[in-house]
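Structures given as structure tokens follow.
In the two complexes that follow, subunit A is the common piece, with subunit B as its partner first and subunit C second.
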Partner chain A sequence: MKLRELIIPAQLREGENRGDSIFYLLTAFFALMIFLLVVLMFYEMYSMSSLTREKFGFTFFFRSVWDPVLEEYGALPFIYGTVVSTLIAILLAVPLSLGIAIFLAEVAPVWLEKPLSFFVELLAGIPSIVYGLWGFFVMVPWLRSTFQPFLSETLGFIPLFQGVPYGIGMLAAGFVLTIMILPIISSISRDVLRSVPRSQYEAALALGSTRWQAVRIALAYGRSGIIGAIILGIGRALGETMAVTMVIGNRPSISLSLFNPAHTMASVLANEFTEATTDMYVSALVEIALVLFLVTLLVNSVARLLIWSVTKNTKDVRL
Partner chain B sequence: MSMLQFKIRRIRSTLMFILCGFCVILALIPLILIFYHTLSLGVGALTVEFFTQLPKPVGEPGGGLANAIVGTLILVALGSCISLPVGIFAGIFLSEFGNNMFAQAVRFLTDVLSGLPSIVAGVVAYTLVVVPMKHFSAYAGGVALGILMIPTITRTTEEMLKLVPTTLREAALALGIARWKVILRIVLRTAIPGVITGILLAIARAAGETAPLLFTSLNNRFWHTTLDQPIASLTVFIYNYGVSPFEDWIRQAWGGALVLIGMILLLSLAVRFVTQTRMKGLQ
Partner chain C sequence: MKLKWMQILLFVVCTYFSNAQLQLNGAGATFPYVIYSKWFDVYKQKTGIQINYQSIGSGGGIRQIIEGTVDFGGTDGPMTDQQLEDVKQKQGTGVFHIPMVMGAVVVTYNLPEVGPDLKLTPDVLANIFLGKITKWNDSRIVEINPERTMPNKPIVVVHRSDGSGTTYIFVDYLCKVSEEWNTKVGRGTSVNWPLGLGGKGNEGVTGTVKQMDGAIGYVEMAYAVKNNLPYASIRNKEGVFVKPTIESVTKAAQYEAKYMPADYRVSITNSAGKDSYPISGFTWLLVYERYRNKEKGKALVNFLQWALTEGQKYAPELLYAPLPPDLQKMCLKTVKKIQVK
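For the complex of A and B:
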């Protein structure tokens, strides 16, 4: 009886309806399954990566060799590729999507705002393989023939823009990621801006500020929500696989130039998992997946907490 | 002097808003280009045989991706078998019994899971299904897609059930109907269009996934007879054909991309239709 009192809430026990208790336990069981799923995912990847964890320990993350023949593995080139491509995407996408969010929330009349919002959200619905295909056949040739030569002519004194313009490489990956995370950041920021109380604007306008200054005050008011949206975009960029794989060149090297081919944690999984024949190889790849899992879990947790803190008192932000 | 400052501020304000409009245009360019290229390059591949025939061997032109289209449907169906019960019941739990720490934790985890990189779901399905079975299979692909579908279904079910007015629940309970019957036959039935919306959204996302299928369901150039064998999917075919050196295959990859976008567009239009017509009364 003690156990029953512990797991079934009081309001259901009082009615003494067996059906209610069974139904409650059934739904609670499935909710628990989500909980267990996360634990199971961690456990599976942790145990599958035991070989490399034991052999390399923490040095796995600081070694830049990746040689399946000699069974020498290090994740540094992939971590570097993931970090840099995400960084490019964030630097480009944040100002752009804030602009979009402000336009949609403050400027656009309803007849324009509705279809625009729909279009921007449509971007989020396009499968990443289509972005990859488009990037590979349309964007990369354009980068190679037009944009990268232009960059190296004008900004070539910066090491970032030196080297042979292959088209394929870190810059292409950064651009595709930018396009892909734009809708997430802009649609959440738009909702955050809308949840800022009207009185904030009105107070600012009454004090004589221009509409733009009022918007800046609204941005400051909702900043933790907007930071949350940005972090959510980071989470998406970190784990994006197909589009990046098709345009980044898939070479595990670390180089300063953004024109050079690179590799990310997600793209090495997509490329090499089916080829992994030895246990050690699989273990190395699973360990990379585990790191990716933990990092995105952490990044998403922070983002959710920030977004919740802003919007919990206002209308729900739909993702 | 102050008049001048005022003017400068006004001009700056207008300029910044124009800049915002410029951002919108800049974001629309890739979107329009992606649609344009997929349409113009893909439409040539869409023949009758594209939808009815198997892929031809290397070097022979023609053939189609019929097995891949069916394969994607099978994989999504398998994913739904896993994610529908978990998502809907967990959603009911969060909405109807969700006033405690445990529910809050599950809610948080679900939100966090919705940002899970799809490739990680593939790795998990690999360790869970492929390793014990010792070969690639449709089941493994279904598990990977199922994991990815759960968060969307759970959260939309919860949100939609919460939109049902409390008075409806109270009225039913006051008539002496058992709570579980109230939830299933009144609350869930009222919210069913919204729940279907969530399911369609999850299906649209799952149908477009490639990464989790690469090393779970792999690929197959023939009709699949059993579910414990590798199975073809539209997305993996697009990937394999897209990076191939054969012009005919690349053409078919664009065709596949067009079919995929068409499917997803139809689903999202269906979602709009369902939400706008049937949920209006509740919101």
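For the complex of A and C:
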């Protein structure tokens, strides 16, 4: 009886409708499966990486050596590569996609909005390998011959834009990721802006605000939704594998210049797991997967906190 | 109505089982996948025995043979002593390495003004990949290519980013010819490269080399030939510059066959013989020394005997080098040692 009270909520128990209880238990079971799955994944990765955890301990996170021959492993260059390439993508994609979303939701005439929305959604459905191939065969040569020389001539005094313009490298990875997360962020933000009550928007206009000011009210109203869209974009950028590995140069080193080759956690897994023959090597790779898992978790939690703190004071919209 | 469905179900199940043939399952290296699938296809038509092979990489092949989840494995780099010990403990039987065919690794480059068949010595090659020769008009390169004008261009080194048997053969060669490489970098399916850009797969390396003026990289011979890439002649142990061809690879194995250890776990890079190409290697099938399942064991032995003799003729057309005759005989003897009971 105790267990029953514990797992079935009071209002269902009082109603004593067996069907409802079964339905409740069934759906609760399905939902809990997700939770179990995450716990199981964490457990598996944790136990499979025991060799490197014992050998390197916490220093694994801060070591920048990756030498499968000497069995010396460290995750720092991969963490750096994942975080920086994602950062570039977010910095470039957020303003762009907000612009797209605002235009589609508030400004564009219907005859233009429909086909444009279609294309944005089409972009979201393109497989990542296609972005990778495009990046490798079209964007990288352009970066090497035109854009990177231009950057180093004009902004070469900044360490970010120094070095040999290979085309392949961190900048290329950031650009490909930007294009890949653009459709997600812009199409969700557009839907969020659309769901802002018209009365808000119209009230602002009626009070004499300009179109831009009215859009800002709509943006403020939809803040949490837009941040949610950005989180989804970050999630995709953190985990993207194929497209990144094709253009990033796959070199586990940390350098300030965005022209230099780098490596990410997802791409080292895709590259090296199949031929990892020794136990220590496999353990190191699994630990990289674990770190990626933790980084994703961390980014998501920080983003949740952000949403929470934003929605808490949504009311004081200022112009 | 119900009865009718039951009948249909019964019929389906019966036909499935009556047609069920003997199946062998294997997994491992991707490099020999093309010839393996050709062999399995031809062999199925001949005997009706279905052989499945998942090309998941050498690491996966070795792991699965240790765990006993496959009937045979495939690898481009031999198993370590520790791994052989693991198999004995877990499966109660040892493992034979059977060389099946050979492949070579060629050095490809992008220098339109120089053309194909550039000459390289082991020393120059090692120094390029160590980052010590950085320009194409370095005196050490000019010296061995006196008939060409080498451009004043920086060398861009490209290597495989994914773990691979191709990398193993290439760095194994560098280890043998350069003491510095041996101590600084070492050998493995992936290594800590002193410099360069990583491309995923043969196609990734090729794509990067093709795009970048002055780039140098290494790919499988089959891949380079199919894609008409320019590749270098390498100076072998006897001081002769040799082009990578199927013949020069088979020659390399022929010289090494005399010194072949009984377990075949040997690298044939930097082989002796004046016409042997020095950067080549075997791909092995990993089979247990004893099979408890009689039918499976027999089928596998029969297949190996066929592949090592008649099957070899499919190798050249798929751009793998066949085993030299002496080695074929040796391998057939080893196959006979497989116990089936």
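As a convention for this text, the second predicted complex is superposed on the first by the 259 of 319 C-alpha atoms of A that agree within 3 Å, B and C clash if a C-alpha of one lies under 4 Å from a C-alpha of the other, contacts with A are read in each partner's own complex, and residues count from 1 in each chain.
What we mean here is this: a contact is a pair of C-beta atoms (placed from the backbone, for glycine too) under 8 Å apart; a residue touches a chain by one contact, two chains touch by 3 or more.
Given the structure is predicted, the values throughout are model-derived calculations rather than measurements.
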Between subunit B (first) and subunit C (second), which, if any, makes contact with A:T274: first, second, both or neither? both
Chain touching more of subunit A, residue-wise (subunit B, subunit C): B
Once the shared chain is lined up, is A:I217 touching subunit B (first), subunit C (second), both, or neither of them? neither
Examine A:D67 and indicate which partner it touches, taking first as subunit B and second as subunit C; both and neither are also allowed. second
In the overlay, answer first, second, both or neither for which of subunit B and subunit C A:V192 touches. neither
Touching A:G239 in the superposition: subunit B (first), subunit C (second), both, neither? first
Determine, under the contact definition given at the top, whether A:L177 touches first (subunit B), second (subunit C), both, or neither. neither
One more residue to check, A:P141. First (subunit B), second (subunit C), both or neither? second
Across the two complexes, find the residues of subunit A that touch subunit B and also touch subunit C. 136-137, 246, 270, 273-274
Name, in rising order, each residue of subunit B that touches subunit A in their complex. 9-10, 12-14, 16-17, 19-24, 26-28, 30-31, 33-34, 37-38, 41, 85-86, 89-90, 92-94, 96-97, 100, 102-103, 105-106, 108-120, 122-124, 126-128, 131, 147, 150, 154, 159, 178-181, 183-184, 204-205, 207-211, 214-215, 218, 235, 238-239, 242-243, 250, 253-254, 257, 260-261, 264-265, 268
So in the complex, which bits of subunit C are touching subunit A? 30, 56-60, 62-63, 77, 79-80, 83, 154, 156, 161-165, 185-193, 196-200, 204, 207-208, 211-212
Touching residues of subunit A toward subunit C in the complex: what are they? 65-70, 136-137, 140-141, 144, 164, 166-168, 245-246, 249-251, 261, 263, 267, 270-278, 281-282
Give the list of subunit A residues in touch with subunit B in this complex. 9, 12, 15, 17, 19-20, 22-24, 26-35, 37-38, 40-41, 44-45, 48, 95-100, 102-104, 106-107, 116, 119-120, 122-123, 125-134, 136-138, 179, 182, 186, 210-213, 215, 232, 235-236, 238-242, 246, 266, 269-270, 273-274, 285-286, 289, 292-293, 296-297, 299-301, 303-304, 316, 318-319
